[in-house]
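Per-chain numbering from 1; labels A, B and C assigned in written order.
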Amino acid sequence: MADTRAGAASGGPARVAGWLQRHLPKIVVAPSVIAALVFFYGFIIWTAYISLTGSRMLPDYELIGFQNYQDIWRLSRWNTAVWNLAIFGVLFIGVSMLVGCVLAVLLDQRIRAEGALRTIYLYPMAISYIVTGTAWRWLMDPEIGIEAAVRNLGWESFTFDWITNRDMAIYTIVIAAVWQASGFVMAMVLAALRGVDQEIIKAAWLDGASLPQIYRRIIIPSIRPVFLGAFVILMHLAIKTFDLIMAMTSGGPGTATSLPATFMYDMAFQRDRLDLAATSAVMMLVTVTAIIVPYLYSEIRAGRRD
Amino acid sequence: MTELSIHGGANTASARLGRLAIYGALAIFAAFYLMPLAVMVMTSLKDLDDIRTNSLLALPERLTTFAWSHAWNEACIGTECTGLAPYFVNSLVMAIPAVAISTFLGALNGYALTKWRFRGANLIFGLLLFGSFIPFQVVILPMAQTLGFMGLSSSVAGLVLVHTAYGINFTTLFFRNYYVSLPDDLVRAATIDGAGFFTVFWRIVLPLSPSIIVVTVIWQFTQIWNDFLFGASFTSGGSQPVTVALNNLVNTTTGVKMYNVDMAAALIAAAPTLLVYVVAGRYFIRGLTAGAVKG
Amino acid sequence: MNMLKGTLFASAALGLAAATPAAAQTAEVLHYWTSGGEAAAVASLREAFEAAGGTWIDSPIAGGGGDAQATVLRSRVLAGDPPTAVQIKGPNIQDWAEAGSLANLDEVAAQEHWDDILPPLLRDIVTYEDHYVAVPVNIHRVNWMWINPELLAQVDAEVPTTWEEFNEVATRLQDAGITPLAHGGQPWQDATVFETVVLGIGGPDFYRAALVDLDPDALTSDTMIEVFDQMRTLRGFVDDNFPGRDWNLATRMVMNGEAAFQIMGDWAKGEFAAAGLEPGTDYVCAPTPGASGYILNSDSFAFFNVEGEDRIAGQNLLASLILGPEFQETFNLLKGSIPARNDIDMSGFDACAQQSAEDLAAAVADDSLVPSMAHEIAIPRAPRGAFLDVVTEHFNSDMSSEEAVERLLEEVELAQ
């Protein structure tokens, strides 16, 4: 409220105007807050409630307690999905970060045609998962894709059949997802690198610091917030990964590439088990909350310091 | 940091080798990133015989634009053989207002939350941000009920509302992080001169925002244009967006599967967002540099 | 043929237009028939409907064998804006009827004597508490084998009639360097093969106990273990690139001589027809091995409670068109299935369809007609999903038959 004293005045209409002036920021924000309360939090509560019912095809509002939370862990499909999310999440976030950082550092070496390269690395972000998933599925298909092409060149024993191999299929999803998102990390990191104070670096350089030292001591610490931001966005993408799975493997071979998002979709719309779908959604949300709330807290504290 | 790069002895052999290694690495990455697009473009320019006899990675033997024109206005989608053209228009009609409204609201929110800080501003920001982690599959059913209750089901207005509601969090995040770094004094000086909330917004804050507006518009446009789930769930018949039509087209086969048409259709559906990235990509990075990703 | 179709429809249209005067007829039809013969078949329905003066609003939602459509349907109903007619089937019809969402079609049914022309099993599927709420379009047989006769001749084999014979022939094919079984590794395709094995090894009574009544004793019986053993054997007859393959690509393998057999419902015939191949000479259709019987799959349209006279008029028109003899014939010729009504002259159909109709009558007579589990006719979608999970996991891994049976019991119980 510190900044809002401007309209303080006496008299009738002026007082109304003053009141309006003081409360205008809140009034402006109100629609978004209402939208968030209804569309995010209202629906989260609705989902949590449904997870405590025996809803099948359509919502049923009679409570049955926590039965679904026990049942879901007895489903092998759910266990596979959770385990896959752990593998996928760690690899996807880790590799995307690594590739993104490497690309950003390489691009930051006064590269000719930087603009074109940046666009090449970034463009996958522009295309929907349905489209890229289809393209990757072809490329990985042993009969028509990379394997066939390499064999045509004469290397007859070349094998790249991960997508049809239940132990490896999840890694093909990682490859496609990294391909899609790492350019975005590159853009964020590159932006941050460009924002680092050149004077400090120059000073360190003159003091005889080596390149790795400069990265470790000066550059990485000063772009740390970007890692956090990228981490949050990647995690958001990891948990929502759905279209990509549907386009590439539909969860197969068998159920080898199921993720919680595909589990939830199947339960809700293929199996008529709204209750289990809601239960899985609540568990995903709880997981996200555990990771995201500390981030939000630090974000907001940082905001307060400003 | 460009200053230091591998400088020093720029002419020594080892430095030249280093440069070569950097360019080599960048080229290999570029090939990896371009491969799927290249395969799609090449396939879309082949005829069916070519696809059948040659490998996916081979260059076209004969170039043909048949697939493109077929996908655009002849291919059958369900029982309508109109191609993607009408659905493409649907997507534009939906995406443009949704992007405009959510970007505008995000700017207002970011401005109000940072420059007119009131009690609870941070809490509100936290509430909005946390909302972006809700899985969209969960909201379909309650959203359908809400839209029905508001009389907006199966309408473009309803879809615009949905995309706006689920876009505000990101737009607010972008603008808020950008505006945090604008000096408060700018606003304070103006208010002392008697300028009100909106005057400051229009006259001072907005003119300083083009870079972040570009970032937000690109992000929102990409998200909304590429959405499949909401488009499929909340539209019907001829009002479906292009992503839903694409899915139908790819799954509509009569006899032989026309991979070239599928790929051309996919590229047509992806063209607007690709274009946006190619044309405005540099502003995207510049905008990010300007603070969108801070924190 | 097209002209004939046109005149048939026109005359049907005239009759109907006279029966329902004045009110405009509108129908928004939600369906997932977007591929090949299916798309052509639904287009013929549209043509007939429009020829009768109706306005057709097409809402196709392709993908996932109707899963994408299920999403849309639920959100439309919850929004209070249901489509006029929706392509749903089996117990799903009962679910929607129980939710009170379906319209009553008794009037049209009485007018058109549906009671007399529908096989009893079909009538049960499309009625709820003795009221008609949906209209069946066709009858598909699931337990078909599609065979490349040349490849069979290469190893001097006859069409196998038991699973032992099948295994023996398949081994010979494999020794000759031929892939015996063309298969697409998608859960519903695995389940399709599975249910034909259940019928073949266990017979119709066991099939009903296990896949319709979900009897725990049947699910854990030695017969079921034998079924899973056979699935494991079949896995050995499939090539390595099968995961994720679409069924029509598997059909193509049989056509091109890359594989000898495919186990798939009679929609596969559409692929052979599109390639200009003739049954009996270019390819052979035969019931799957083992005990005789008929696994039935049927598509149908359910009619939702809609408001507005034009929409209700549209529903009535559409309902009578769908079960009308002309449409039944044209549609099923295109789709590869046989008519849902039993009074259609089959002489215009191909040999496979004629055999299907004969076998259907025989199965009704000796009580070996069973509903398909894989195709959502026998049981609701939740237990069906449990079957799919276990069957596909077993087929794609090295799980033992004993473990599969155990898992099946647990997951089926959880799904009820």
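Criterion: contacts are C-beta pairs under 8 Å (C-beta built on N, C-alpha and C of every residue); 3 or more make two chains touch, one makes a residue touch a chain.
This is a predicted model, so every value here is computed, not measured.
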Shared touching chains for chain A and chain B? C
Name the chain whose C-alpha centroid is most distant from the C-alpha centroid of chain B. C
Distance between chain centroids, defined by C-alpha means - chain A, chain B (Å): 15
Computed distance of Cα centres, chain C from chain B, in Å: 40
Taking each residue of chain A in turn, which ones touch at least two of the other chains? 268
Residue numbers of chain C (touch at least two other chains): 68, 71, 74, 78
Going through chain B residue by residue, note those that touch at least 2 other chains and give them in order. 140-141, 143, 247, 250
Chain B partner, complex, touching residues on chain C are 28, 30-31, 34-36, 39-40, 42-43, 46, 57-63, 68, 71-72, 74-76, 78-81, 83, 248, 274-275
Chain C-facing residues of chain B, complex: 76-80, 140-141, 143-145, 147-149, 153-154, 232-234, 236-238, 244, 247-248, 250-257
Could you pull out which chain B residues touch chain A in their complex? 1-6, 19, 22-23, 25-26, 29-30, 32-37, 39-40, 55-58, 105, 108-109, 112-113, 115-119, 122, 124-143, 146, 164-166, 168-169, 172, 180, 184, 187-188, 191-192, 194-198, 222, 225-229, 243, 246-247, 250, 262-263, 266, 269-270, 273-274, 276-278, 281-282, 284-286, 288-289, 292-295
Touching chain C in the complex, chain A uses residues 56-58, 71, 74-77, 137, 141-143, 161, 163-164, 166, 169, 246, 249-250, 252-256, 266, 268-273
Of all residues in chain A, those that touch chain B in their complex: 1-4, 6-7, 21, 24-26, 28-29, 31-33, 35-44, 46-47, 59, 99, 102-103, 106-111, 115, 117-132, 134-136, 138-139, 144-146, 148-149, 152, 179, 183, 187-188, 190-196, 198, 201-202, 205, 211, 214, 219, 225-226, 228-230, 236, 239-240, 242-243, 261, 264-265, 268, 274, 277-278, 281, 284-285, 288-289, 292-293, 296, 299-300, 302-304, 306
